[in-house]
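What follows is subunit A paired twice: with subunit B in the first complex and subunit C in the second.
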Partner chain A sequence: MELKDKLLNSYLAFQEDYALREELHQTRLDALKVFEAQGFPTKRQEAWKYTSLAQLLQKDYSLFPKTSATSELRGVKPYFLADVDTYKIVFIDGVYSPFLSDTTHDGIDACLMSAALTKPKYRKIVETYFNKVVDPTESLTALNTSYAKEGAYIYIPKNTVAQKPIEIIHFATGNETAIWLQPRNLIVADQNAQVQIIERHQSLKAHEVVTNSVTEIYAHREAFVDYYKLQNDLDTAALIDNTYITQETQSHVSVHTFSFGGKLTRNNLNFKHKGSHLNSTLNGVTILEGNQHVDHYTLVHHSQPNCESHQDYKGVFSGRSHGVFNGKIYVDEIAQKTNAFQQNNNILLDDKTTVNTKPQLEIFADDVKCSHGCTVGQLDEEALFYLRTRGIPKKEAKALLTYAFANNVLESVQLPALKRRINGVIASKLGVNLGFNL
Partner chain B sequence: MAYTEEELKKELENKEYEYGFYTDIDAETFPKGLNEDIVRKISEKKNEPEWMTEWRLQAFAHWKTMTEPEWPNVKYKKPDFQDISYYSAPKQKPQYNSLDEVDPELRATFDKLGISLDEQKKLAGVAVDIVMDSVSVATTFKETLAEKGIVFCSISEAIKEHPELVKKYLGTVVPPKDNYYAALNSAVFSDGSFCYIPKGVRCPMELSTYFRINQAGTGQFERTLVVADKDSYVSYLEGCTAPSRDENQLHAAVVELIALDDAEIKYSTVQNWYPGNSKGEGGVYNFVTKRGICHDRAKISWTQVETGSAVTWKYPSCVLKGNHSVGEFYSIAVTNNFQQADTGTKMIHLGKNTRSTIISKGISAGKSQNSYRGLVQVHPRAKNARNFSQCDSLLMGNQCGAHTFPYIEAKNNTAQIEHEATTSKIGEDQIFYCNQRGIDTEKAIALIVNGFSKEVLNHLPMEFAIEAQKLLEISLEGSVG
Partner chain C sequence: MLTIENLHAQTEEGKKILNGIDLDIKPGEVHAIMGPNGSGKSTLSSVVAGNEDYEITKGSLLLKGEDLTELSAEERAHRGIFLSFQYPVEIPGVSVTNFIKTAINTSRKAQELEEMPSNEMLKKIREKAKMLDIDTKFLSRSLNEGFSGGEKKRNEIFQMAMLEPKLAILDETDSGLDIDALKIVANGVNTLRSKDNAIVVITHYQRLLDYIVPDFVHVLFDGRIVKSGTKELALELEAKGYDWIKQEVEK
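Right after this comes the complex of A and B.
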């Protein structure tokens, strides 16, 4: 049976098993219809020109884990952020793990989507935000909506700063040969609230796992949301990440995406502006090897005047890896005084690597500052030679230059513990120990 | 200041295409519609050999299976292909007996552009005396060219006179099945030019002048084929700065350039077709396929100034097949009122050490939409490919749009590709500075636009660059940023 049919057929069983109140039920049914009409995206669609899901879709995935899996803390501890205390929302095969998690209702809400969807006290928030930030016509998002059940729910009330960063971690145990997960996150930062969030997907065993995740972020006036995605999964894992962000006046939202692994990663990142004088930051570092494939698809829609957006994506590719960047800045007629910047730099280390990049500008307002730049090239031979004349071995010299190349983005990481972690990952990727942290 | 901003804006909006339409042509025209018989008849009419007819029919058969592309960033009413007459042999009668009868405004424009008196007559449709200079000039040209062994004639003539050359090269760069409009053109092309430069010959003149005098009325489905044999050079100029009167709504031309080893082709286009009125009614659809292939160490350089047409849809491309070959693309696209342009280039790097440069300048005013769409593709075997692209857009007013869609595909780790794009408007401080020095606003804008487009204008043949510069001024008359 084709995966699409399977998803459509399984819905009946799912809905009986997980009854929701009428409006939510209707939302999910509508979403299912959208998915049914559109199906999975193919390479014939402009947005998916360079990324094919065909191979992924051939497998027979189990949609619901049969057994409730547990994991030893010992096995998963290395994936938590060390030396810093965090709130944790942990899922194993899509099921919440109370044992590993550390949720809170003290001042802020960092808990579960399933609770938010069912408990009456969250009803108002769910009605206001759930499925309101996303683009309901996008087929994979709609598929996620129709199966929306579990994920993280974070609410930061007015004038509150979340004291600890929040980690959202999804583990796949690999108990099933192939599994299809669809987590759904909702994050609301009320006026003048601040929060830092780290999201991670990790498989524990080399078994097929596909995650079709949707995250909705709503930032009210003057809110600060700092969101980090760490993608360093095994080569059997695929991730389709759909993140939608709506911002109000003077809010700051930044999303950092670190893609270091996974068979196929697709990041759909969408910013919508509902107020003026706000700031959006989209940064990314991609370091790939082997047969890995990462596709960054970003959209920043400037629909209000006096807003700023800043995009900086760096990619380093070796082996037969394939990197895609597709960034679009859309400036409406009324969005005067927009300042939008977009940059994508790529380094190719091996001759079998491929990079496709498509930075796009669509501008309808005249008093704007919009620019983009993109490059594809190699490490500077002369710089490499210089370092080697100083007695630095080739591998280390290359690593130093790669660090320097990605440094802009690394510098803007606000969490020192996370920065150390990322530095460590990069060092191990490059097979060096530089003996210092940048 | 002579004008206030409002006045200028108003004038700009109301600025009609001053050159009008002349349809009073006594021509032999086929009935409307398109089918196999029509294709056969076109071929027959032109006394084409069997192979050519077959070639057309194959293209037509394929065209029937294709659908019109939807991807360009333009909106227009799809032409009805059965409502077009595909052949018309114009027997143009002179409309005027002397230049004095010509609309003085039109003459003023010609003067502004600095077009010679004889050419003016030709362009305005004035009867040209048989002993006119232009004719003798043309004859001299022909002699000079023949001396060097250069073949320059209409494509129908070439099919008859030089079938071996045409057979060898026609459709090799733009195959008949390439795209919807290329297929249509292959089936029904009416005429066009053919040019062959023999080995080691440097064409002594711009092929423009000659061309302009002899081919005032270009066809609706034009087919151009330029072959530069080894180590030769040619500079070819298409179109005309002078506004062109044209009764055809749909233009689907195909241009093929072949630069053999060490050859160089410089192809310049200036297009100023009817862009429709200020309400966005009417205007020419310009759907062109232009492509060149470079063999070893060859160079193709496209330069274009696009100011006309209601809808433009063209991507002059270079296939850099040979090692050390070079492709260049310089473009200025100006859109005003309701014009839409989706234009750019493709640089396909196949050979080693290939280089390409893309400089594109878009200027949008009024309610127009101006898009740059480009592809830079480096194939796995294209070692040390180098590309530099720069796309700048200038917006005038907040009702127009500027779009950039660059596609960059690198499959070789020795490739070096750079792309940068900016969007801006004419700074008030720049205008203020000019005003303060006694330069009125309109002149100041012309000055700034010229500066903005300079990198491209510099690549046009000399005398032509001056005309193009003036054309820019005229196209943007009255625009205020």
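Right after this comes the complex of A and C.
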């Protein structure tokens, strides 16, 4: 059976298994129809020109994770942030792990989507935001919505600062030979609220795992949301990440995407503006090798005046890896005094790597500051020679230059523990033992 | 220390730049190499330091009797060769301190030595910075990024002081320096002079040699050393210009 048919047919069993109130049930059913009509995206669509899902879709995936999966803390501990106390919302093969999690209802809610979707006390929030931030016509988002059941639910009330960063971690155990996961996260930061979130998807052993994840983030007036995606999965894992953000006046939302692992990653990142004088930041560092493929597809829609957006994506590619950056910026006629900046720089370390980079600016306002730039190049030979004359061996010299190349994005990481972790990952990725934080 | 015999080198495209250089530098000596633009001064320093953009086609290059030609730039650095760049490269995101620590410790590691203990490292950094009148704030700035010409050159000599090379080649260290910066840099170099190391000063003008006084002066022309002498030769060049050498060579 084709995967699409399997997903459509399995839905009946899924909905029986999971009773929901009528309107949510309808939302899911509508979403399923969208997916049924559109199916999986193909390379014929402009937005998927450089990324093919065809190979992924040939496998037979288990859609309903077993509930018996458990993991000992020992095996998973390295994937948590060290030296910093965090709230943790942890899933194993899509199922919530109370043992590994550290959720809270103390001042803020950092808990489960399944609870939010079913319990009356979350009803108002769910009705207001669930599936309201996303683009409901997007096929993979709709597929996720139709199976939406579990994930992280985070609500930060007015004038509240989340006291600890929140880690959302999805582990895949490999107990099933192939698994299709569809986590669904909802994050709402109310007026003048602040929160830092770290999200990662991690296979514990090599097996086929595809994650089609959807995250909705709503930032009210003056809210601060600082979101980090750490993608360093095994090269048997694929991730389609669909993150939608709606921002109100004077809010700040930044999303950092660190793409180091996985065989195929697609990051759809969408910003919608519902207020003025707000700030959107999209930063990324991608370091790939082997046959890895990462596609960053960003959209910032400036629909209100006096807003700023900053995008800075750095890519370093070796082996036969393939990087894609497609950055769309729309500036509506009403969005005067927009300040939109976009930058994508890439370094190719080998002859067989590929990078496709495509800025798309559509500007309908006449008093705006918009700039974009993309470069594809190699490490500067002169700089490499300079470092080597100081006794730094070639491999370390290349690593140092690579690190320097990505540095302005790394510098903007606001969590020291995360910055240390990322520096460590980069060093091991580049095969060197250098403490970049000396 | 450094023995160069009949050295020929060309670019990757086959353009011949060095056409038979002979040079013998002994420990404790300071040699100045002068010459007009395009005579091969910077190429000579690049070739000695191990720049792979140039190919040695003939001749020999020995450091304390060891053949350097097959060694990489970093291996030559580990053996004590240092090149102060005419145009030091800017490396955003790597601080001066981080850079010098990395340089020292990766060098030590490559030679199977222990890393330098950090208190010893810091002490040395402070000491050498003071010698060159370098503010400690300067050390946390990104390497050469936005540095003035003088700051770049001072930073090169700071690195030399930290790495303690056996043979230091200073390529146009005076260019872009005002007189005060020139004095500081020259003082730094003079402090580092010893009977165990040697220094090659490459310069277009005689000015620097008032402060770093050479034992020998060589004139490079068309990829060859056409004249050698003592420091008086530099003064003569300053007075007469390079045309005089050119005419002499053509004769």
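Brief remarks follow.
Keep in mind that, in the parts below, the second predicted complex is superposed on the first by the 433 of 438 C-alpha atoms of A that agree within 3 Å, B and C clash if a C-alpha of one lies under 4 Å from a C-alpha of the other, contacts with A are read in each partner's own complex, and residues count from 1 in each chain.
Note that in this section contacts are C-beta pairs under 8 Å (C-beta built on N, C-alpha and C of every residue); 3 or more make two chains touch, one makes a residue touch a chain.
Predicted, not measured: the structure shown is a model, and the values here were computed from it.
Overlaying the two complexes via subunit A leaves subunit B and subunit C side by side, clear of any clash. In the superposition on chain A, A:Glu362 contacts subunit B only, with no contact to subunit C. Looking at the shared chain after the overlay, A:His277 reaches neither subunit B nor subunit C. After overlaying the two complexes on the shared chain, residue contacts for A:His252 are found with neither subunit B nor subunit C.
By the document's definition of touching, of the two partners only subunit B reaches A:Thr354; subunit C does not. In the superposition on chain A, A:Cys370 makes contact with subunit B only, while subunit C stays out of contact range. Once the two complexes are overlaid on the shared chain, A:Lys337 sits clear of subunit B and of subunit C alike.
The minimum CA-CA separation between subunit B and subunit C in the overlaid arrangement is 14 Å, rounded to the whole angstrom. The contact surfaces that subunit B and subunit C form on subunit A in the two complexes do not overlap at any residue. Residue ranges of subunit A in contact with subunit C, taken from their complex: 380-383, 385-394, 396-397, 400-401, 403-408, 410-411, 434, 436, 438. Taken together, the subunit C residues at the contact with subunit A in this complex read 49-53, 72-74, 76-78, 81-83, 85, 88-89, 91-94, 97-99, 101-104, 106-107, 110, 159, 163.
If you check the complex, the residues on subunit B that touch subunit A are 71, 378, 380, 393, 395-425, 481. Residue ranges on subunit A touching subunit B, taken from their complex, read 46, 333, 336, 346, 348-378.
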